[in-house]
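In the two complexes below, subunit A is the common chain; its partner is subunit B in one and subunit C in the other.
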Partner chain A sequence: MIGRLEGLKSYLLPQFLIDRDDYRCIRCEVCARQCAFEVHWYDEEEDAVFADESKCVGCLRCATLCPTNALVVRHNPTQHPPNANWTREVLQNIYKQSETGGVLLTGMGCDTDYPIYWDRIVLDASQVTNPSIDPLREPMELRTYLGAKPDALKVGRKGGKPSLETRITPQLKLETPIMFSAISYGAISYNACESLARAAAEAGTYYNTGEGGLHRNLYKYGEHTICQVASGRFGVHADYLEVAAALEIKIGQGAKPGIGGHLPGEKVSAEISRTRMIPKGTDALSPAPHHDIYSIEDLAQLIYALKEATHWSKPVSVKIAAVHNSAAIASGMVRAGADIIVLDGIRGGTGAAPTMIRDNVGIPIELALAAVDDRLRQEGIRNRASIVVAGGIRSSADVVKAIALGADAVYIGTAALVALGCHVCQKCYTGKCNWGIATQDPYLSKRLNPEVGARRLVNLLRAWSHEIMEMLGGMGINAIESLRGNRLRLRGVGLTREELDILGIKHAGA
Partner chain B sequence: MLREVRFRDDKDFSGCSIFGMMNVRGERFNGEPMITAIANMKERSNGLGGGFAAYGIYPQYAELYCFHMMYDDRGAREETEEFFKSRFDVEGAEVIPTRPCEGVDDPPLLWRYFLRPRESLVCSEREADDFVVQAVMHINVRIEGAFVFSSGKNMGVFKGVGFPEDIGRFFRLEDYEGYTWVAHGRFPTNTQGWWGGAHPFNILDWSVVHNGEISSYGINRRYLEMFGYICTLHTDTEVIAYGVDLLLRKHGLTVEDMARVFAAPLWTEIDRMPPREREVHTALRQTYGSLLLNGPFSIIISNRSQMIGLTDRIRLRPLVAGRSGEFMYISSEEAPIHLVDDGLQETWIPQGGEPIIAELAEKMEEIETKGAEVISLPASDSA
Partner chain C sequence: MKIDVDHHAGLPGVFMRVDGRVKINARHLHYRELNNMIKGAASEGVEEIVVENVFGQRYIGSGIRRPVRIVIHGVPGNDLGAFMDGPRITVDRNAQDGVGNTMNSGLIVVHGRAGDIVAMGMRGGRIFIRDGVGYRAAIHMKEYRKLRPVLVIGGDTQDFLGEYMAGGLVIVLGLKGGKGKRSRFRARHIGTGMHGGLIFLRGEIEEHQLGKEAVAVPATQEDKELIRPFVEEYAGYFAADAASIMGSDFLKIYARSHRPFGGLYAY
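Showing the complex of A and B:
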């Protein structure tokens, strides 16, 4: 007796209420046209606009575009009987599941209140004994190279001039230590993909295709593209590997460690079907594990297969979700030949994930990063791979703290989408994104102009880079490599002894 | 003051004076002009640390590693001597001669040892160096109250808490003759009371005196730890000394390449270089980025045949070089060079990140066998 209950009044309360100021409303119907969830409608007879608030997801598209600011969208203040255990969220989830029999789905990153360590870490600045450096007047270097570095360099002399005798393996060159995270074509619109690609190219950094393959039109940005090879192998073929600047084997994702992906058939349009190399309209299910990787030596085989397939011309990255034993796993990944290891924390985003997985599996990225960097140093193999962290990087300060904890660079996903207009309503999985991002509906996706999108992203990177330079200069540092792993420039505030030990930092005042 | 009561800051913060003087023909001279020169920069120190390194002072034991040691107490000395006996042939052990001197209080026990690594434990000379480095690490980390001032051959470090000129008198430096000397006066804001925290810092033949604060210390140190160097002193200078040892001795880089690691050219400069040079410099920064010394510094790095001056790449601390016949000078200020040498031919200020390299013109063997005649220097007021 499982089945959706049709025709009965739902026990779910609307999450949001919409207040419309009738005096301000000019009946332009922008709200009605903009809402893919069909919340607003205009009644000609009454000459009034109405809303079905039960459908509202709180994406604020209507309120943002309303020309007279006639709309206020607010969280429904109706209170459930007070109960610290049976909270509103818990009750609503149970009502939802008892009406549908389904797994709770959600989008974006974990929104529960696990400690955000970035907000418990403060930065240092120079005073007296050491001059701070003004980045507006002095050089300030953010350039970062990702890839394996040798432990020692052999420099010979040819005709009196130095000449390199050690061969450096392929590297990615970043003008700022921020890249765009893996987000697949399918999860987001073509226009969103193009925005990311163009911005990465213009800013001198990289974006990541995610597991959805690469649309042919975007091959021209290949030099700034990291192509992902995930368990479903969607869109993986010789040209795809060839065109990329680097390849990334996706083992796991912070939003859903241990499980695969699911792109519903409705989103598999003709273009996506061609790009992913799957029949149109079929569900794209990526398996939980790679079925050719059941163990670390299998990972090594895939890493070397990819290197061999691309003539050893590009770095190979391996991405895992941050979990309990990340340090040991990362060590194995480095020894298996990964040039870059990516750690995706519990707050990492997704287009769709089961809520219970997203909110309960994995560990905060700050702790995983500190543990992995420590372990690789203890084993003396930190040089052999770069560390990139993802999952909940919200600002330039987070970037600076991540690098000081030991990261070479960061990936931003959610922050990049927010730059494109995302309001983090967490309904990506519905395919109805009113901002034209997480949708394949041409009517919606054309709302995102790739040229404007690219400009917004480049602006964001420029602004963050400037802020990073200011913070570096304040610490008396003029090159990002002098911050990397320099945990002495960090202090914890309100953290326990154990947390400080794991992060490898002192408490403020000490 | 004992090591236990040192402040536990991230690292040492200090301003300083540095002075180096080399006779490029390897002729030896006594410590008098060094004391004169460093005393002239008194404003740059505050009486909480001074020190000297001298090369060529033990020609009669040129083949032996000379350990200058400080001990908090007799127990530390006995434990260290036990350790020496277990690993080395001890050819000589004596108290370092000192005289009472106003401004130098509560000295620790100061001893020196002439050691030969036990033959059954090491084979090659290279191995012997590693063996000595390990011994230094062992003493500094494991033996409470013992600390190695220096561990090179035919050289020694004399340092302590006080103004450098007082420390020089305390150690009777007029009685020693060396062909290269470096000196340091300190203005620390912490680690006040500890003799081991004074400069120069030394490992094997390498000594470093340093003016400045390394903002990248945290990562420099973590990087060196991966190669087995344990930083016990929490001073910037220590990471420089270990960095020198790693790059020059272990990885075989040239002094110029080492300077390019410590004070790397900007990427914009590297991008404009001819392809082969660009490749080398890019690789140096990629590989050794964690050893870039960021923040203000001027340093003099010395070994038995070289004296190298270097500033940070945006030149936030002063350094001046001078030449006068057989003498090469590197100093924080120009005045002390003139003070000790009337006949100074030229002085110049190097670019940020550009190394000044003074090198012995003669072969080491000839220098080591040279007699004890002392080059007399032009007289100076305070000498």
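Showing the complex of A and C:
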């Protein structure tokens, strides 16, 4: 009795309507060729272009590429009976599930309107005293080192010159405190991966392989690559561990805390199979936990296994989803030997996650970051690991606020994909991304030229970095280091006492 | 990568060269010191490294990419051969958890029993355990092209044998005390989430012991030919009677589908 209903009229309404201005339309059929969801088609007999709006996902590829701007894609204005409880989304979800018997699936980060604390925090600037600095004229330091820092530095003398006696453990050197989040080859196309790798190398930062292994052609960007080791251990072998600049143990992901992942077999193409080192067409299952990690002690075991396997030559990072007791977990992670800890908030993106998990599990990154930074400081171990935050960093202002709240650097995922053309339609899991990003279809993925993609990403980092310098200069600060954890430069607007306490900031005016 | 041979390498009684072999006394050595010595000796091209008085040191065999022979006297710690790519390890006693974790190639022979998650995520090479193993053996074992991992367990296993298994070959002989007597296999949730590979069990199980993604059928003579060379290899290491083992009935357990979660989602 369970199973997809076939051949019956669906109760689902089209999410979008497409208005085609017939006077502007020149029948060039670009829309028909560009849409992998097969919304548009040209009818020769009628010499007209038609659309099946029920298939439209609102990615705007057609409207963007239409040479005469003949297309307007808009939200379907049809209204369900007004009801604050049984909203359109709720009803449509139930129709969909009653027709398929399936778990609701979605892509990208949580789109529900939990408070975005970045937008309730404002930055300080110098006025009269402590003069502001113009980064166009004066030196400004964004360079960031990620990794464990010693409790103290011992400086001795060697041959009459001062020399550092303390041995510093391996560090990642970033020219700007922004890295590209873990996105696997499989979730995104090879061209998207190459764009990220080339951009990271050119901008002096890092990108992260996610858990899909590393394509052979991208080994040359190893010095700018963070290789992930996740519960599925896909593509994890000696070369992969050796080529990486750092290794990251993925425990959790903001979009789907507590659950594993499935790359469906139809996406495991010949190339993906080579990179993940699994047979073609097999489901790639990532178990929810690492089955060798059931405790902090076990986590320590894997951290040191990776260090031992790579001769203690690179930092090891551990990534968790931001959840209720992140602060205590983070303390354990640092004590377990993580050199970098990554917190991924509830708005963190994904190629595919059950909608209910994405939208209901986890906590906003701002609160998790503040709580973790506080806890590590209170315990006197903040120096032992760098903090990287991810999950909803949308602009340079978000980066500056994150660093002032206590982060060492940020990961951007969605923002990077948007730079590559993503329109956040949230249909990554279909594998039909018309922008050539979240797809393995060669016809679609060639739409993203890695050279152009890398330039767009480098441009984004350059623009954000300059904006960060401007904001730092405005505060009279000339190094990002001086802003780290400097919460006095932040004020809350319209936040409750409790929120301010957790964020560790004063209200504006105070 | 160049590996510095530890300063202990010159100390008498700790690191010795005997007849072209290297002998290390692991007593009171931290795993980092011990592994540094083993790696150092391996990088010099030594063919055999004998390690004595091993007492719980972890990660032995990790980070070495040569087919060096490592003979362990004592009980090695967790993650023996983790991410291993080449070495051939023999242990004269029991091993602990995580033997062959994410191992790529090489050989591990344990003259005793091993703990939990033996061969977790293993992708290539062979592991032989004389006696039984703990929980979740061969979890997420996978195969890829020419890489086909093999795990042979002489005794029995705890629950969740072959969970999430995606490839490779697991052979459980159910021998008690090395005398070739069949025992009733008690593990539950065998092959839960299995989507590839094969498990051969000598003995019988009840339907409820099997995960719902796995199928068990009596092994045919042709199936048994698949495991014969590994059973013979096992018998060679541990002086067991291969002919009598091969003479008994085996169950073959395989995945119902290589797409266990194909229909789970609403598209």
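Following the convention adopted for this analysis, the second predicted complex is superposed on the first by the 510 of 510 C-alpha atoms of A that agree within 3 Å, B and C clash if a C-alpha of one lies under 4 Å from a C-alpha of the other, contacts with A are read in each partner's own complex, and residues count from 1 in each chain.
Keep in mind that, in the parts below, a residue touches a chain if its C-beta (ideal position, glycine included) is under 8 Å from a C-beta of that chain, and two chains touch if they have at least 3 such contacts.
The structure presented is a predicted model; accordingly, all values stated were derived computationally and were not measured.
Novice: In the superposed arrangement, which partner chain does A:L8 touch: subunit B (first), subunit C (second), both, or neither?
Specialist: A:L8 sits against neither subunit B nor subunit C.
Novice: Identify the partner contact of A:S163: answer first if only subunit B is touched, second if only subunit C is, both if each is, neither if none is.
Specialist: first
Novice: Of the partners subunit B and subunit C, which touch A:E141 in the superposed model: first, second, both, neither?
Specialist: first
Novice: Should A:D292 be classified as contacting the first partner (subunit B), the second (subunit C), both, or neither?
Specialist: Once the two structures are laid over each other on A, A:D292 reaches subunit C alone.
Novice: Would you tell me the residues on subunit A in contact with subunit B in one complex that are also in contact with subunit C in the other?
Specialist: none
Novice: What residues of subunit A sit close enough to touch subunit B in their complex?
Specialist: It comes out as residues 126, 129-131, 133, 138-139, 141, 143, 145, 149-150, 152-155, 158, 161-164, 166, 168, 171, 377, 380, 382-383, 475-479, 481-489, 506, 510.
Novice: State the interface residues of subunit B toward subunit A in the complex, per the touch definition above.
Specialist: It comes out as residues 8, 10-11, 13-15, 189, 212-213, 215-219, 222-223, 225-227, 250-254, 256-257, 264, 266-268, 276-277, 279-280, 282-290, 292, 294-296, 313-314, 316.
Novice: Considering only the defined contacts, which subunit C positions touch subunit A in the complex?
Specialist: 1, 3, 31-32, 35, 39, 58-59, 62-63, 65, 78-79, 82-83, 85, 97-98, 101-102, 104, 117, 120-121, 123, 136, 139-140, 142-144, 147, 163-164, 166-167, 193, 195-196, 258-267
Novice: Quick check on the complex: what are the subunit A residues that touch subunit C?
Specialist: 96-97, 99-105, 231-233, 236-238, 241-242, 262, 264-265, 273, 277-279, 281-283, 285, 287, 291-292, 301, 304-306, 308-313, 429-430
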